[in-house]
Structures are given as C-alpha cells and as structure tokens.
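Chain nomenclature is as follows: A, B, C, D and E, assigned in order of appearance, with residue numbering initiated at 1 for each chain independently.
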Amino acid sequence: MSKLFTVSPSPHNYGKDTVRSLMYGVIIALIPTLAISLYFFGLGALIVTLVSVVSALIFEYLITKFLLKKQPDILDGSALITGLLLAFNVPSNLPIIIIIIGALVAIGIGKMTFGGLGNNPFNPALVGRVFLLISFPVQMTSWPLPIQSRMHYLDAMTGATPLGIVKEGIKNGEKVSDLMSQIPSHMQLFIGNMGGSLGEVAGIAILLGLAWLLYKKVITWHIPISMIGTIVIFTGILWLINPDKYLDPLFHVLTGGVLLGAVFMATDYVTSPMTHKGMIIFGIGIGFLTVIIRIFGAYPEGVSFAILIMNAFVPLINMYVKPKRFGEVINNG
Amino acid sequence: MLNLNDLGRLLIMAKKTESTLKNMLVALFVIAFISSTTLGYVYEFTKGPISDARLKKKVEAIKIVVPEFTNNPNLDSYKIPSDMPDSLECYPAYKDSTLVGTAIRTFSDIGFSKRIYLMVGFLPNGTIHNISVLEHSETPGLGDKMDKKKSKWSEQFNGKNPESYKLKVTKDGGNVDAITAATISSRAYAQAVDRAYKAYMANKK
Amino acid sequence: MLKTFSKGGVHPAENKLSAEQSIKTLPIPKTVTIPISQHIGAPATVIVKKNDIVKVGQIIAQSGGFVSANIHSSVSGKVTKIDSFMDSSGYKKQAVVIDVEGDEWDESIVKNNEVIRDCNLSSEEIIKKVGELGIVGLGGATFPSQVKLSVPKGMTAEVLIINGVECEPYLTSDHRLMLEKGLEMLVGTSILMKALNVTKAIVGIENNKKDAIEHLTKLSEKFSGIEVQALKVKYPQGGEKQLIKALINREVPSGGLPIAVGAVVHNVGTAYAVYEAVQKNKPLFERVVSVTGKSVKNPSNYLTRIGTSVSELIEAAGGLPEDTGKVISGGPMMGKALNTIDVPVTKGTSGVLIIPEGESRRGKVSDCIRCSKCVSVCPMGLEPFLLMTVAEKQNYERAEKEKTMDCIECGSCSYTCPSNRPLLDYIRLSKFEVGKIMRSRKS
Amino acid sequence: MSKINLVTKGFLKENAVLVLFLGLCPTLGTTTSAINGLAMGLATTFVLIMSNTVVSLVKSLIPDMVRIPAFIVIIATFVTVVELTMQAFVPELFEVLGLFIPLIVVNCIILGRAEAFASKNNVFDSILDGLGMGLGFAFALTILGAIREILGSGAIFGMKFFSGDGMLVFVLAPGAFLVLGYLIAITNKINSKKA
Amino acid sequence: MSEIVIYTIITVSVIGIIAAIILFFASQKFKVYEDPKIDLVEEALPTANCGGCGYPGCRNFAEACVKADDLSNLYCPVGGNEVMKNVAEILGKNAVDKEKQVAVIRCSGSYNVRSRTNNYDGAENCTIVANLYSGDTGCQFGCLGLGECVDACGFDAMYMDEETGLPVVIQDKCTACGDCVRACPKDIIELRNAGKKDRRIFVSCINEEKGGIAKKSCEVACIGCSLCVKACNYDAIEINNFLAYIDYEKCVLCRKCVDVCPTGSIHEINFPARKIKPQKKEKSENPDLVKIAKDKNSSETKE
C-alpha cells in the first residue's frame, strides 16, 4: 500500500468552533462598547485601551515563553480580551505605569500563576482591576467627566460616579429624590453619558454585544439574566419598602458596571460554572452580593468583588450541581 | 513535699520516665513551679521600666501638642465629661504656674476601623496649638495620612480657633480639607477634635 | 414544532451525498471472507470444513450462546480457508473464506419479489425464525434481534419503535431502503408487532428525509397501528434512548434497557430483514451499504453480500480517491476508522465513508477552557470534560460515580470541543476500566 | 547530619514558613515592613533556641503523657519573658509587634521543633537546630517584609527611595498572601532544582 | 518576694498538678491498643506505596505482616530480601528468600523492523489504542509505543527510547513492583528473575501468529520454528501458538538458543562479548543485540 490511512477513535467529524473563534466572537461583541467609550472619553480612552491591550499581549508572550516554557500563542484572543476588559474597568485618566502594572497583575498573577488559559480560578481582568483599586485607590476612583474631557488625558476634569454621589448623599441623610437631580437621567445613563470606567458607562453598547454573543452562541443567557434579574428583584424590594433611602432597580442595573460584569466578566468561560443550573446559581450569587456590597458595604459599586467572590465558589458549584442525568431514576414516592 | 532523691534519680536516669501518676504530677509541678517563679521575678524586674516607658510616651505626646511647660501634666491630670459615656482626660500644662495650654486625650468612633485616639492641645483661649495621633488603625496609605509621620495634612488645624473654624470636612459644609479618598477618616478626625473642643469649652471655668 | 429529544445534541453538516442514488446490486465478488463474529455477544461456532461446498443462505456458523447469532453463507462455492483475518475492528478474528462458484441459493429461500403481506406464524415461531436466520440489529450495534424480541418476564412491551432516523451525516442506506422497500419494511414492522404482541408502532424519521416520510405515511394508512412521525434533525436522535424520549417522551432509566419503559426499538433495515426472513425464508446475508464521501466519484448505495471486501465496494463507487485520508466503516460520528480497506463487509456495516486528507486529522489539542459546550451537548446529561479528567488521572471510582457507563459514545462532546480535546477517547477508556472494575466486583 | 547542615537547613530546605508552612499567623501579620519582620523573626529565634535547649535538657524527665503541657509551659515562659523585656526596653517595637508576641507561644515552629527535634536530640544539636530554624524564620520574614515594604511604601528598612505612595495592596493583608505565595513558589523551584 | 510572684507560683503550679491528674486519667481511660510492631514494620518498609505487594499501601502490608503467622506469602518486591529479612526479625518470624526480579519488555519491534500500516491520530494512551484496533503496524501483539508503562512506573525506572519507540527498563532502578506489567494493555512486560550476575535470556516477542505472517509484520518476531527447543538441553523452552517461551526457573544461561534463533528474537542481557562471532552473521544482525553484547557493564539494558 502506497499511502497510509489515518486511524483514530470516533467521532471523525469535528465542529467548526475553535478557542480562537470563540474568543474573537467576544472581541467583536466588545467593539460597540469600545466605540462608545472612545466617543465619551476620547484621547484618554484610546491611550488606556492601547496600553492595556499591548502590555497584556507582551506579558502573555513573555511569561508563556520564559516562565511556563510553552509555545506562546498570544493571538488566541484570550490575552486580547483580558487587556480590553481591564481597560474597560479603569478610568480614562489612569497613568500609563499603573495600567501596565494592572496588565502584569491580570496576566501574571490572575492567569499565568495558575497555568495559563483554562486553569485560572479568577477572572484575570478583574484580578487586575481589584488589585489596582486596592493599590491605587486615589487614581482608581477619580473619574473623568464624559465629553468635556475628551481631548485631555491626565489633566482631565474629574467627578464622582452616579453611584458614588448617591451613596455619599444617602450617608449624609439626604433623600434619594433630591439626589436624583444631581445625576444624569436614566436615558443618559443608558447611552453612557456619565462618569465611570471606560466600558461600564454605555448600557446600550453592552446590550448590543450581548445580542451578538447570544446570536453566535458564544455564551448562554443563564448568567447575565439571572444576575441582572436578582439585582432587579432585590433592589426592587428595597425600593418599594423605602424609595427615599434606596435607589430604583433600573438605576442599579445601568450604573456601576452591572451590565459589563453580567455580559463580559461573569460569563468568562474559565471562571464560570459548567452546568446551566450552576450558571444560574452563580448569577444569583453575584447579583445578591453586588447589592449587599452596594447598600451595606464601604464601596459604592460591588460588581467586581461579587464576581471574584463567586469565582471562588465555582469549583464547589461544579462539584455539587450536576446536570440532570438522562434516565436518572426519580422517586416520586 | 518534693523528694529530692526522686528528682536526682530522675535527672540521672537515661531512660525515659514512664507515665505513672506520680511521675506526671512531679514533672508537671516542677516545670510549672520553675516557670512561674521565673516569670514572677521577670515581672518584678520589668515592672518599673514598663510603666516608665508608658508615661514617657504620654508625656512626649503632650509635649508636642502644647507650648513648653515646666510642670508634670500627668500629675495634674483631671477628667471632663464628653457627649459620649467615656470621659476625656485633660493634662494642663503650666509654665511657672501660668496655664499655657491643655492637652486633651480625645477619640472618635466614626473612623474606617476601630476607635481613633488623638491628643489635642488647646491654648487657654481655645485655639488649637497642635494635634498628635495616639492610636489608630485606618487604612495604610489613605486614612493613615492623618498621622504626622505620614503627611502634613493635620497641620491645617494648627493655630485655628474652632470658634471661627468649622470642624467639619468641606463636603459636610465645614472648613476641613479632607484627605483625598479618605473622607471618612478625615471626618472622624475632625469629630474627635470637635469633641475635645466642646468638652474643653464647657468645662472651662 | 417537530418532536425531538430534550437534552443536548448537535447538528453536524448533513452531507447526504448519496440520498438520490437508488440502491444498486453489487456484483458478486470472486471470493468472500465471512467473519464469524459479526454481532455483539459470543462469536458463532464454525460448522463447515475446508473444501466444503456451500450454497447461498446455508448456515456456516452456529450461534454460540443466548446473545449470539447464526452466520450464513452469502455466496455459493467452496470453503477454502478457515483462519484469522483482519476485520473492521482492527484485530484478526476467525473467518471463513469462500471462493465463489455460480450463485446457487438454498432451496428454502423464496426468490421472487412479490410482497407477501400476511403472516400466520405465532409470536414464538417468528422469534425462532428471526434467530435461526441470523437477524441482528442493522443500525450498527448488531445486537441479535431475537434477544430483543424476547421480552423478559415481568415486563411488557407497549410500543414498537422503528428507527428510520439515520442521524449520522453522509449515510443514506436506511433512507433509500425506506423509499424503495417501504412496503416490505412496513410488513416487517407488523411482523415485529405480532412477535412482541403490541398494537402500536411508530416509525421515527428525521425531517431531512421528507420524501421517505411522505411515502411511508401514505403506505402506513394500509396498516393498522403503524404511525409515521417526522422528527427535528438533531444528532444523536438515532440512539435508542434519545429516540424513545423524542417519540413517546419516556426516559430509559440509567443502566436499564428500553423495555423498562415498555418500548422496543428496531432499525428499518432490521424490519426489512425480518420481513425477508419470515416471509421469504431468506437469512441475513446481504445488506444495503452506502459508499460515500466528498471526494468519492459516485457516492451510491449498494446491496452487498456479507463478506465482500470493502475495497470492491469502493472500486464500484469510482475507486479510492487520490487524497484519501481516512476510510470509515459506518458514519462519521460513530463509525470505525479502518487501517486497511481489505476488510469484509459485515452485518453491521451501514456505510463506507471516505474522508479526504484535509479533513481527516484532528486539530491541535489545547487546554480545556471550560466553555461547558460538551456539557450542554451531551444527550445523556453527563460532564465529558470531567470524565476525561478523571480518566486521565485514573480515578475510575469517581468516573463510575459520575455515570461514565451511561455514555452512549455518540461523540457529540469531541465534535463540539473548541480545544479539540479527545474527550470521547478518554471516556471510552474510563468505560472500559470501570467495566472491568464492575465485573470484578460481581464475581 | 553534619552540624552545619543543622543550621543551614532552616533557610531553604526546611524553611519553617516557605517549606513547612508553620507559623503563618505572625508571618502574615507582622511583615508590613522589613524591620518588623526581622524583629519578629529574632524574637522567635530567641524563644526557639531557649525552648529547644530546655526541652532537650529535660526530655528524659518528662513522661510522654504530659510532654505537651510541659513544653507549652516552657515556651510560654520564654515568650512572656520576651514580651515583658520588649515592653520595658523597646516600647516602640512592642507597639508594632505587641499583638503578635504572645502568639509565639502557639507558633507551630516552636512546639514543632520541641516535639520533633529537641525531645529526641542532645542539647548542642537542639541549640543549633533552634538557631537554624529561627534564623530561617527570621530570614523569611525579613524578605517578606522587605518586599512588601518596597512595593507597598516605596521604602526599605524605613528609608524612602521613591516619592509618593506605593502599591497599597502590599501593605494590606492580601499583599502578604500574594508575596508569601510567590516566595513559596520560588523556594520550591530552588529546592526542586537542588534535589 | 512580692505577692504577685507568690500568687503566680501558686496558680501556675496548681494548674500544672490538675492538668497532670486529668491527663493521667484520660490516658488510662482512652488508651487504644495498636500493635507497636505495625509501626516498626512500616518503618522498615521502603514506603513507596506502590502496591507491588498486592496491598493498597505499605501500612496495610505491615498490618498483614504482623497478623500473618507465616511470611511466605508476603513479599515486598521493592525492598527485596533484605527488607523482608528485617521485617522477619522484627516479628520473630522466618522470611522466605525470593530471587530478585526485574521487568523485561518482550517486544523488540522498533521502527526499523516493523513497518507502519497506518497513522494513528488520537489520544496518546496505550489502552485507548488497544481498545480501538491492533496498533499502527502489522503486528497486533507488539508494543504500541505510547509509554503507558513509563507513566505507571513510580521509580523512574523506565523511559521511552526515541529511536526505537520502545520502552527501556533501567535495571538498577527497577524494583519489580509490577506496576508496568499491570499498565500494559498488551501484556508485553513480564517480571523475570534477574538471574546470576544479572544475566538473563528471554524471548523478546509475544507474537502468536504463524511464522510467515509474524515475520512479515516484524523482522525480529518469534516465528515458532522450534530450533531453540531442539538446541536446549534443559527442557527450558516451550512453544505454544507459534511462540517460544523460556522458563527462567529452568534456564541455565547456556546461550545455545540465542545462537540458533534465525530471527534474533531471543535476547541475552549482560553477558560478556563472545570470543568467536557466530558463523551465520545474520543471527546477530539486530543492532540492539550487538550493542548489548558490547556494553556488558552498562546498567541500562535494552530489552
């Protein structure tokens, strides 16, 4: 026989999804958000995004090659996503050195320490973000004003986020209805005209991304819906009890990165549960923790912490929440 | 009570002592006895230096916050009531029997973590002379800037008279510039100073 | 909304290239090699000797146990060798080689094409005949049919399900059979109903075979109790458990047989074979095989004698293409890759698929990114990623606890994995090892 | 085992913190700066040497059943001595470490060495062992403290070399865990290369 | 002496006495008897927990040793006779001396003597391949070369030879625990007596096919010609299913069978080089064999 056949166990038919195609699906979904942040924050957004993405790629390459001693594949898209998400989670006037530290922590500590793509228990971008938030609280909590600061980078005018304003006000005993006059309307919030991190401002862009991800079947609806649903229900109950002290649910959803977290961060494959039931538990947990942190905690927003905390529970969820086995004997008594 | 012969035999014996009731009692008793004796004597020995060190620290704090004095403020100290159940300690400073200032140990509970203790020095007319932080556990890098060693932030109080200088952070409508990103700590600091001022003025004869 | 099973499943490109090709009869080869183990269960015992002259349909190997089947000669001629030969399993196994001389059929076989509808035999007689004539499940699993028809004590069959799903891509042999031998197939179905003592039968067909659905629906009007049901196209609908779930919405319990929920499933090919056996006395010595593949010149369906070399089938379909990378016996999802094409067609060979070089290799394996796609496509509600990990770590107790034995080896997980992980390879390993452990526990 | 080996093994091969993971509470709690780490390490070293000496001296006198209470009493005595002395003569340091000094009593390193080494070996070896393990502990704590100080406050042994703030996280507890984790990883790497 | 000192002494001493009393009674009450010999035996064992003895771990083996009246059925292959002697001494029982064994690989079908018939493209695991088909060469008995035995070895005593694609046993490290034997899905590896001066002779093939077919798929296969049986004066060689097997209990290492084997499938290990080369040259054509004969002192033996 001149030519040898290939032999392998079945199946002999392979799907078209690859790690790369899934990752680039996410990147495409991030484009509207990037565009809107560039519109509102201009120069700063551009610098922050570029620095973050480039340094994430460089660190990924260096660490894979020289520390893990594997063949680096920096274009598989995962480092690109981490870089983008990190940029989306910081204010647009962050000094370059801090962004680079953030990217190093995200890739180095958040991802590579655990063995690279697929092995990290925590969302790398969020690890970077929370690290920066604790390390550089001053720089990380001064938010440039949208539109006005478009042409400025480090010298931008800053202000507080809507959630920060409200939290401060409530602490001083002011009524929510009075505070609402100081902050943008819901519509403004929806299109992203508010102070905040690059990617967390524009609800509409993130929803576009969500639609794309669902259409392309990159993610399923379970995590975003259960997480946002929990926030709406929980804050809704509080709001109905005392509208003077608590914000309305829609406001909660549109601010403080809830949408960004629900669509892009919590749904990260590696750090979310494997079963649909588990995903729903995960989403509910994040929603619940977010509201707890926002209302009772020290920080005005709590999505990052909530996601990281629930990330830690993922192995436990995977252990105990199993898909319904086919033909499982169910005893109805 | 203790049989010296037994002890001697125990010491010489190379073999491991067996776990009989008598052996256990003797061994544990001897060790406890020697330990406690040692400790008792070390305690006696260090008692003096320890109280000296504590006093020295307090006096040093007082020295910082009031003008030069000649008396021993610790001996002249008295307590005044505050708006909280805990009273404040006052250390009057005299220079040649003239009152040059009073140091008040004050506190605040609204800080980021735990109670903050300050030593505030008032001149007889109520003007703040100087303030030093006695104890705090605020976040390093943020709230701990209230400490003189960390930043010059607290110097803004020096020479101000709270009669005209509102002891509240600017956000709450006062005159105190808060530490960046540490409004809560600044607020607590201002509250503690305010508490001392009010108690001092109320108890001024 | 068409019916389908509820959990998991994938939808690979259908590629039914030979769907329009009517069944042709492959010329009888010069020599055939008939393996004596063409079914699940004990191999048969050879009862012919070297230099014996045999006729078409003559029994050459006797069933070797309860779960076993008789083997009949597919040609007439002289037995030249009884030795081990490579079969599609990749191992050498005992087989009978017969040199063809003419085409002389056993006298008992009715050779005409007339359709006989009525059957006067009792249930026991039918089952006996099915067993004697070596009928096995033709869907691929080759489970001896008489075993399936003998309902265990304490259980009753309520419904017969005829599997016309053919959910594997490329394969079209069942499709063509339903179109061309629909009537015979339905008669076979009614015989099976009689054997099982049931009054209801459902023929499940996926919706990509609209002509077959139409044709059979029309024919089934003449039969009482037979219903044709169109199903949504989704792999692996042809799996027994999935088909039962899709058609009558019952779940076969884990580790149980379909009869536990009152269902018996037979393939359309089997129904046709049963018809031929019962009404025409014809043993199972030939079957329809699809020869297909993107680079094959004439993808077609051949009525082939058992024991014909696969190479002859390929030759008839236009020869082995230049860029052949892989030759598969069966469909692309569950079929077996062959390491040589000099292996005989057996009762379980539903198709020969030739995959070009470019598509034959798996992609580079990378780390699991925990995307959970394997979990969501698993029709059995298992967690393939976990089963692979525990198999790699040789933690077979855990694998058993995670129900590795429930796996139906449909390959949906490996198909869908974006990291190209050999999930099914390792699950199969764990099934093998867990099976060993379970057997040792029993004894 | 050679005498030198007894002392050096505490640094890398059997480092209490980085290899055996003992005494993590003071390790994480006190190492906000290099000097604090060093002081805590030296205090522990002192207690370790003394308790090893005494335990080794009295090892054959103590019945098995009461050995743990006996060891604890011995250790507690030395810790209290250290505590009182520090309070009397270096009150500044005591202010920082005060909370952790009593914890030395239940530091597993000390009881662990008493149980695993001193109660089975002669006095001289026990002293060397105490010295080695103690210095290794001090070494680990100093390194940890130094890294946290450099990254967290831009200073080393209190000397600032970088104006402005460092990365706060390193001064806080999470930073302690992070740095400790990486130090453990590096130690493992070095040890596995040697082996 | 101040009051504080006295109080300290009294309280601490009383606590000490009370503790001693409580501990004494507790120790009387909750004493659990475990044979101290188990610990002693366990200490004497190599504690590799390899399972070579047939017990799940060294502790279980130690327990079994203590319980057993007779040690003849218990053997720690890793520790060998020496360890068993120590164990026997601890327990005051008699140990049975067993010959040292070593794993040998009964396949020498390297790449150059065994032609490929297909390309395998699947998971790199011998058992998976064995369940799929007979391997990527014509010999359905031979080594699959994916190194499951090497992975199973807990003593680093095996490695895969890149050139031949076959596993190699490092004799000095091999403890004959049998993990590789259990791991091999093709049953190629066998534990054999190490032999005098570590010299061994064995048939390095397990192909049970007829001579012609075997020879076709692998140049160094045993073809069942029975020349060796005739050559052997000690009835040590048997042929079943066209395959010769040398009984290591009967073999006296005379090397006659090696000389007559036409395919070179009988291997000799650790023998000194021959003075006179065998007349028929092709007998020792196998390059592996020549190499082995040359480095007689080498501890790594290709088998």
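Throughout what follows, contacts are C-beta pairs under 8 Å (C-beta built on N, C-alpha and C of every residue); 3 or more make two chains touch, one makes a residue touch a chain.
None of the values given here were measured: they were computed from a predicted structure.
A.B. asks: Out of curiosity, which chains are bumping into both chain B and chain D?
C.D. replies: A, E
A.B. asks: Please identify which chain has its centre, taken as the mean of its CA atoms, farthest from the centre of chain A.
C.D. replies: For chain A, the chain whose C-alpha mean is farthest off is E.
A.B. asks: Of the chains present, which has its C-alpha mean closest to the combined C-alpha mean?
C.D. replies: Central by C-alpha mean position: chain A.
A.B. asks: What is the chain whose Cα centroid lies farthest from the Cα centroid of chain C?
C.D. replies: B
A.B. asks: Between D-E and A-C, flag the pair that has more C-beta pairs in contact.
C.D. replies: Counting C-beta pairs in contact for D-E and A-C gives the edge to A-C.
A.B. asks: How many angstrom between the C-alpha centroids of chain E and chain C?
C.D. replies: 43
A.B. asks: Using mean CA coordinates as chain centres, what's the gap between chain B and chain E in Å?
C.D. replies: 71
A.B. asks: Find the geometric centre of each of chain B and chain C from their Cα atoms only, then give the gap between the two centres in Å, rounded to an integer.
C.D. replies: Distance between chain centres: 86 Å.
A.B. asks: As a quick test, compute the distance in whole Å between the mean CA positions of chain A and chain D.
C.D. replies: 41
A.B. asks: Could you check chain B for residues that touch two or more other chains and list them?
C.D. replies: 19, 24, 27-28, 31-32, 35, 39, 43, 141-142 - these are the residues of chain B that touch more than one other chain.
A.B. asks: Can you pull out the residues of chain C that are in contact with at least two other chains?
C.D. replies: Answer for chain C, listing residues that touch two or more other chains: 90, 336-337, 339-340, 360-362, 422, 425, 428.
A.B. asks: Tell me, which residues of chain D touch at least two other chains?
C.D. replies: Residues 65-66, 69, 73, 165-166, 168, 172 of chain D each touch two or more of the other chains.
A.B. asks: Chain pairs that touch, all of them, please.
C.D. replies: Applying the touch rule to all chain pairs gives A-B, A-C, A-D, A-E, B-D, B-E, C-E, D-E.
A.B. asks: Can you check the complex and tell me which residues of chain B touch chain A?
C.D. replies: Per the touch definition, chain B meets chain A at residues 112, 141-142, 171-172, 180-181.
A.B. asks: With touch defined as at the start, can you tell me which chain B residues reach chain E in the complex?
C.D. replies: Against chain E, the touching part of chain B is residues 19, 21, 24-25, 27-29, 31-33, 35-37, 39-41, 43-44.
A.B. asks: Which residues of chain D touch chain E in the complex?
C.D. replies: 65-66, 69, 73
A.B. asks: List the residues on chain D that touch chain B in their complex, please.
C.D. replies: 32, 58, 60-66, 69-70, 73-74, 76-77, 80-81, 84-85, 87-89, 91, 152-153, 165-166, 168, 171-172
A.B. asks: Which residues of chain A touch chain B once you look at their complex with the stated criterion?
C.D. replies: 137-138, 141, 168, 172, 298
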